[in-house]
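In what follows, chain A forms one complex with chain B and a second complex with chain C.
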Partner chain A sequence: MFRGEPDEMSGSEILLTLLGSEIRGDLLVLFHKNPGLIDTVDAIARRIGRTTVTVISELRELLELGVLRQKRIGASEVVFLDRAKDRELLESVANHLKTIRIGGEK
Partner chain B sequence: MRTRESSPTNPHGNFGSASRSMDLDQRFAAEKAFSSVLVSTVREAVGNALGHNVLEILASKGLLDDASNSKEFDRKLQSLFGNGAAVLERIVVKDLNRKLGIPYNSEARLDYEKSLEIAREVCFVESRMK
Partner chain C sequence: MTAPRSKTGASAFDLFSSKVEEGLRVKTGIVELDEMLRGGFMPGDAVMLAGSAGTGKTTLALQYLVSGVKLGEPGVYVTFEELPDQIYRDAKNFGWDLRKMEEQDKFRVICTSPNLVLESGDGSLLDDVLHDIQPRRLVIDSLSHLEMFVKKDDMRMEAYRVIRYLKTRGISSVLLWESPQISGASFSVTDVGLSFLVDCIVALKPVEIESSMRKALVVLKMRGSDHDKRLREYEITSAGIKIESAFSNYEGIISGSPRKVASEKFMEMFRGASEKQKKA
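Now for the complex of A and B:
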């Protein structure tokens, strides 16, 4: 269902993808608060109080980015946080933010 | 004693009905309590969404220096995150409302400034009841 992760992205592109929607924000918070979480799309949607239909396209974006990964356990497809990739992506975001001046300050 | 002067944490002096009936000491304590809840919520929200490193960079850039001034916070957030600022503000408001027992509707359009005014008012009412 999901494509593989994209080629090298800049920190600003990563940030745009991570904060592309409220649902993506909720998913990030969920997985960062529960880094060992492994669950189905349906269950993840319930955890953030959304329907599967509304969550699936947002999950796809995070899977394509590589911060989340998917694997099969028995009959179920489950989603989990790729901690190493997450660290790497957030490091890029941090490096990008270091270069930005708040509100045009010098 | 009723006063309406501005304070360092609320330069507009817009405290709502609950705060208008408080004396200066009560109001100062309530504003301080609200500011503390808000800053800790912003720290948690940004930290949970984007990690500790990003949070520390934002703190070093002064994002949290005047977090209870919603206009200034919104301006800083916009300059750093562009459209992503709205997502972070929603995460902040959702957490803040949960802490203060205020219902949150994810379907409604978010007015960050108004949401903070409501949260401040609830915080002040709670302070008066203590």
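Now for the complex of A and C:
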């Protein structure tokens, strides 16, 4: 799937990336319900009942989008929600959905 | 200066109230506990809240943080076990809207793995949150989880590092400790010597008295301050922890063999005898 830089993405592209797979959806639900979660990829995979192998590429998509961030803690890489970016992206998606609704009503 | 009063603890407070330095203390939000602590915890102190499962450690710790937020002191709750959404839900049952406090940047629930706290020697795990909301209070639920990742001999050193990290930043901390039993004359709370590292120890203990389970709270230690040394009964209510009167008619509660004190036994015998006389 072609995708531009996160800052240049349209609401529909953001929506497609966010909900591009079931696992990505699970990850988003996990981080939205638990915005203070800071953990390794292994631990995050366990928290949604998946394996690291299946989760890693999905996490990468969300990292590229900017909704998640990562940093090094000692010898481990941890992943966490970027609250500000998340709010920004949700706003774009909400605006996009409003446009669709208005278009549909016409 | 007028000291805070409660219906149940008023007499106890009067008995011990030597000096309550209000404003210089970190209030817990539980009036009776603040009375026991002569106004609250000492600022910047590391407090150990020890107790077995179901004694209300999490509730008391959250109440402490929520009270801080109300007083303009942002708080952080670090959990190794429960996910934040469970904590938000449970807190709501007590009337505490943690999500709203988070939106206002006055509160954060951080959920992570204990090994990351150990690996985060430079404190980088909490750096963002410390920068974002500049907390004055922090709870770790629980320090016992670190034990799974370090050797018993290293536990004291690791706990010392965590405590020093928070103290250096002037943060008043409450460290939860899962203690299967707090008993005996020595008041052994942990078997890894953490009692010596912390400034204050508050122990929560379930006690069986006359075939019913009740809960007892005691301040075992408080560096640099006088405190109420008596065991107080408490309940977990819909508004949080509520501390009642002291177990004044019983002894041996901490050792696990509560029995009525001699004077109370005598009074019971006297009452029984006078009732018999009336019937006769």
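Note that the second predicted complex is superposed on the first by the 93 of 106 C-alpha atoms of A that agree within 3 Å, B and C clash if a C-alpha of one lies under 4 Å from a C-alpha of the other, contacts with A are read in each partner's own complex, and residues count from 1 in each chain.
In this section, contacts are C-beta pairs under 8 Å (C-beta built on N, C-alpha and C of every residue); 3 or more make two chains touch, one makes a residue touch a chain.
These numbers were taken from a predicted model, which means no experiment stands behind them.
Peer 1: Look at where chain B and chain C land on chain A after superposing the complexes, then choose clash or fit.
Peer 2: After superposition on chain A, which the two structures share, chain B sits beside chain C with no clash.
Peer 1: Determine, under the contact definition given at the top, whether A:L90 touches first (chain B), second (chain C), both, or neither.
Peer 2: first
Peer 1: Once the shared chain is lined up, is A:A43 touching chain B (first), chain C (second), both, or neither of them?
Peer 2: Once the two structures are laid over each other on A, A:A43 reaches chain C alone.
Peer 1: Is A:T51 touching the first partner chain B, the second partner chain C, both, or neither of them?
Peer 2: The answer is neither, since A:T51 touches no partner chain.
Peer 1: Under the stated touch criterion, name the partner, chain B or chain C, that contacts more residues in chain A.
Peer 2: B
Peer 1: Just to be sure I read the superposition right, which of the two partners does A:L18 touch: chain B = first, chain C = second, or both, or neither?
Peer 2: The answer is first: A:L18 touches chain B but not chain C.
Peer 1: Is A:A75 in contact with chain B, with chain C, with both, or with neither (first, second, both, neither)?
Peer 2: second
Peer 1: Contacts for A:K33 in the overlay, against chain B (first) and chain C (second): which applies, first, second, both or neither?
Peer 2: both
Peer 1: Once superposed, minimum distance in angstrom between C-alpha atoms of chain B and those of chain C?
Peer 2: 11
Peer 1: Would you tell me the residues on chain A in contact with chain B in one complex that are also in contact with chain C in the other?
Peer 2: 33
Peer 1: State the interface residues of chain B toward chain A in the complex, per the touch definition above.
Peer 2: Residues in contact with chain A: 45, 48-51, 53-54, 57-58, 61-63, 75-76, 79-84, 86-88, 90-91, 106.
Peer 1: Write out the stretch or stretches of chain A touching chain B in their complex.
Peer 2: Checking each residue of chain A against chain B gives 15-16, 18-22, 24-26, 28-29, 32-33, 49, 86-87, 90-91, 93-94, 97-98, 100-104.
Peer 1: Sort out for me which residues of chain A touch chain C in the complex.
Peer 2: Per the touch definition, chain A meets chain C at residues 33-40, 43, 47, 71-76, 78.
Peer 1: Show me the residue ranges of chain C that touch chain A in the complex, using the header's touch definition.
Peer 2: Chain C reaches chain A through residues 83-85, 102, 108-113, 115-116, 118-121, 124-125, 129.
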